[in-house]
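These notes open a run of structures that come right after.
First chain A sits with chain B, and in the next complex the same chain sits with chain C.
Moving on to the complex of A and B:
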């Protein structure tokens, strides 16, 4: 039987003009993203490898008019390390405690909500505002023991402890967020099982919940470390502008002293700061980038490793 | 024992809250004299901001004679301009890139691109500033600023390559990765039945992404934009390196030269002038700037929360 004669139907493509434009834009955005990312990494690698050397990493910076004698950046590296340690040592216990209180207790609920908003405000505050606030606190006379006090009573207000304390505020929201997430993924029946065995809430937290949340806490701490290492504004304002680490005499030593970190070293050696040694800046920036890459990879690894199974 | 632990932890959390509230209140209080002495004209234009800052710094030591006069219009304008332009461009770029990564990227490119984007989000701002000031600024100075251009504005401002163009460009590159990461996560969490349903109805891939997944991900896009704008608002170091250190208000009537003029947002002003904080009226002016930044970022968070709440009525659950 012959099929009925029909006019041939023109099949329209399902992609209209606007859709094609959208597709083109998406590809353009994606390719330019690849280009920008690739060129940043390639350029930093190229310049960094060109200028960095083992003796740069291990020699201390020195003030000198002759560029070739200004030494390396050992002190800034130590400075970054000290700041990170101080920041994390303060942020992790406090952050875990606050996160535990928010998820496990959290009464009265108005207070819990206020604390949550407060943490969010801190998370969104620019670090320059935190730096100025730090200066405000640490320049009060009763804070004199945290930094150097000149004759005449003016408290300098700038020291490793001052910068470290502000850095811990910067890292706090990250630790709190990661810990809360980790604790919230622990299913309810684990807690109920612990209560059924006669344990009270505090013991449950200490013995059951916190050990399971270890990887979340570690993730939060590593994220905080990454943020601390990369922060420049707080360092520029609160660490004093000495190139080398100058500890104070007497109690506290290095903590009350001033110094520099990798970030402030890069800033000072770029055309924006006083130096004008782009090679040193590139080398230090390269080392900084390697540290950040390493911390990033560590976050990924920690997240993947200790995934506790609940069933 | 349980009650004691709860009390202890609650006390700790309240102390943190008090510290944060104290920070906000202190900064506002410290900056108040600058506002009260200038009134509403603090927000206006009038005169050279750098000169006014210098005069404040040089004011006599007698508290009754402190000089507070400041018209911070150029700084506010620069902040709004740079931040606003960066947010608008970055949101568009981030949404398109996220769609590319989730839907259209070849598998190998996607495997490389995702960790790279996450890495870029973590790179410190000094490194972006360094590349900017050592690579982009000289390029702009050599290729985009001709002698005639310099002549045309020489009576007001020097053009040396540090400009809002470079500032906005590098700021976009800086805040896009975090937006891309958040939006990609949101696009991926759209229930697969929704996209399959769209495909079953014959909708092509771009359109299903645009009308289904993107609409569902709107709260996440708002959240990403708020996060990025908070970062852009507070970006001090990078912008101080590449956008110029002059408190100048770029003039849109200059045509293309508008983009090549330097400017200095509030955060960079604080960083550049940090050494003068010990002079009382100067310090109070700086705290006034910090107060503006604090209030703006608080407003941003609140606005983002409100926008997300109204959007999540139509989309997947609470976010």
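Moving on to the complex of A and C:
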């Protein structure tokens, strides 16, 4: 996860032409990637700063034909946060449990291999597929608890819980991957030292291995958050089409209700969506980009901190 | 942090460079009068005569031993490969037993079988018996066995927690109720004192253990093992990752502990074996070739193999 620092390569005059060309291409590839990332950020910042205002961030969206009266995107910001929290609260315990099982137990090995490829398949599944699959599940009548039920008994199947549950699946492979990697870098003799003090596996995992893997788990959780916050398909399909957060009455409140996130707000306000308010889309996209950049910086910081080093 | 700076430099000057100097020389060279570590360990019923301060001379050691562990025709095989072949050996309280031999001769496997750590390797198969106080180790609950037979590893491996918590680790979560810090404190302090680390860390008990220097970490690991008051301590090349000065300190600690703990040390360093061990067992390709007092094995080895092996180390 951490970039490895190396001494800069010194181009010797004795280098063959192929080596020089290769080095040049590698440089060019790296630089052009920076250029792409830089221009996205610069363009979004240029557009975003033009339109974003404090009022926009702190006022709720309103339905109106008059563009000046459609309000801001407070609800989508809250929606993004709520959805991220739901997704991470589900994904981290499940992901850590799977990672611990894979690294510390992993038996029978056939089952471990099946779990591994399951994780890979989930990681490679487009979120639109997960969203449709989620809708199928949450519209079943026994899932009525998790969303709005119409009078005839039909289950709506769209709610923060439904979207959050599918979002946790999006984040799961990242949590599992980062946790596994952290667990595998703990030397075997550290585990054995705990066993040699008369501790069983469960205690060793809880008191030694998980604390050692803490930064890895945090990295995975942060990467997962970034994925959840950036995902659109699941929100569009599973969170309902309302821009405002509309909680259900009584039990469950906001979690059973529908709403929107920054991504669905951008989509809906862009010319590609139903609305046609590009300046609002730019402003919201700028806020979203800031959150994602912040999360990425957090990943870097967490990855470097608190990582125990043995020989 | 700051503690790390205390790690001695190895810059190739002085007697500390190259090979490990004999321990006796460190004592002679030191400015304080020579004191044997055993003297600093109070309240032992059979404390050695301080004037036997040659105490590092194996022949003049404590003179009181009691059998603690015993292997009988112990054979361990990984898959079809026999790593330890019909080894019978006693491990006694009051002495240090060194297992020596070339790489891959089975010494570490033998050592790890004594606390059943070898069972973590799925392919390992064991026949023969291992007894602790005349009871087969298989009859013990494995966690109970391991709290009576402690182990120290090649690499220092403190857990990522404070110094105090490291030493208290073995004491916690033994039963249903969690002992309070107050109750643990005297045991932790005692263990740190016996491992010779107390003076260096007494003010920093809440500092992270991984910030200590390598030698301090290894002594912390000794303290961690001592806290659960083991009867046997297994050391798997405990000094191979350490500098000569740390090695010297740990060797002194080992000799001091041997008064009331049975110690088995695996080492590739024959000088170290001769410095700390009372008895030496030489292994070759899984067989125990020779076992006797240190003086006997190093001074007058019987077997041809032993002569060849120690000939390399003792010229």
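What we mean here is this: the second predicted complex is superposed on the first by the 274 of 311 C-alpha atoms of A that agree within 3 Å, B and C clash if a C-alpha of one lies under 4 Å from a C-alpha of the other, contacts with A are read in each partner's own complex, and residues count from 1 in each chain.
Operating definition for what follows: a residue touches a chain if its C-beta (ideal position, glycine included) is under 8 Å from a C-beta of that chain, and two chains touch if they have at least 3 such contacts.
All of these numbers come straight from a predicted model, not from anything done at the bench.
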Please determine, from the superposition on chain A, whether chain B and chain C clash or fit.
fit
Return first, second, both or neither, reflecting whether A:165 touches chain B, chain C, both chains, or no partner chain.
neither
Partner chain in contact with A:96 - chain B first, chain C second, else both or neither:
neither
Thinking of the overlay built on chain A, is A:196 touched by chain B (first), by chain C (second), by both, or by neither?
second
Could you tell me if A:270 is touching chain B, chain C, both of them or neither one (first, second, both, neither)?
first
Applying the touch criterion given at the start, work out whether A:234 contacts chain B, chain C, both or neither, answering first, second, both or neither.
neither
Report the partner of chain A that touches more of its residues: chain B or chain C.
B
Using the superposition on chain A described above, determine whether A:212 touches chain B (first), chain C (second), both, or neither.
second
Output check: A:125 vs chain B and chain C. Expected answer is one of first, second, both, neither. What do you get?
first
So after superposition, what is the minimum Cα distance from chain B to chain C, given in Å?
11
Using the superposition on chain A as set up above, list the residues of chain A that contact both chain B and chain C.
200, 203
Can you name the residues of chain C that touch chain A in the complex?
115, 117, 120, 143-147, 150-151, 153-157, 159-161, 169-170, 172-174, 210, 214, 221, 224-225, 228, 241
The chain A residues in contact with chain C across the complex are 187, 189-190, 192-200, 203, 207-208, 211-212, 308-311
Applying the document's contact rule, which stretches of chain A touch chain B when the two form their complex?
14-15, 19-20, 22-23, 25-30, 33-34, 36-37, 40-41, 43-44, 94, 97-98, 100-102, 105, 107, 111-112, 114-115, 118-122, 124-130, 132-133, 135-136, 154, 172, 200-203, 205, 226, 229-233, 236-237, 263, 266-267, 270-272, 278, 281-282, 285, 288-289, 292-293, 295-296, 300
Residues of chain B that touch chain A when the two form their complex
1-2, 5-6, 9-10, 12-14, 16-17, 20-21, 23-24, 26-27, 30, 93, 96-97, 99-101, 103-105, 109, 113, 115-120, 122-127, 129-131, 133-135, 173, 176, 180, 202-204, 206-207, 210, 227, 230, 233-237, 240-241, 245, 267, 270-271, 274, 277-278, 286-287, 290, 293-294, 297-298, 300-301
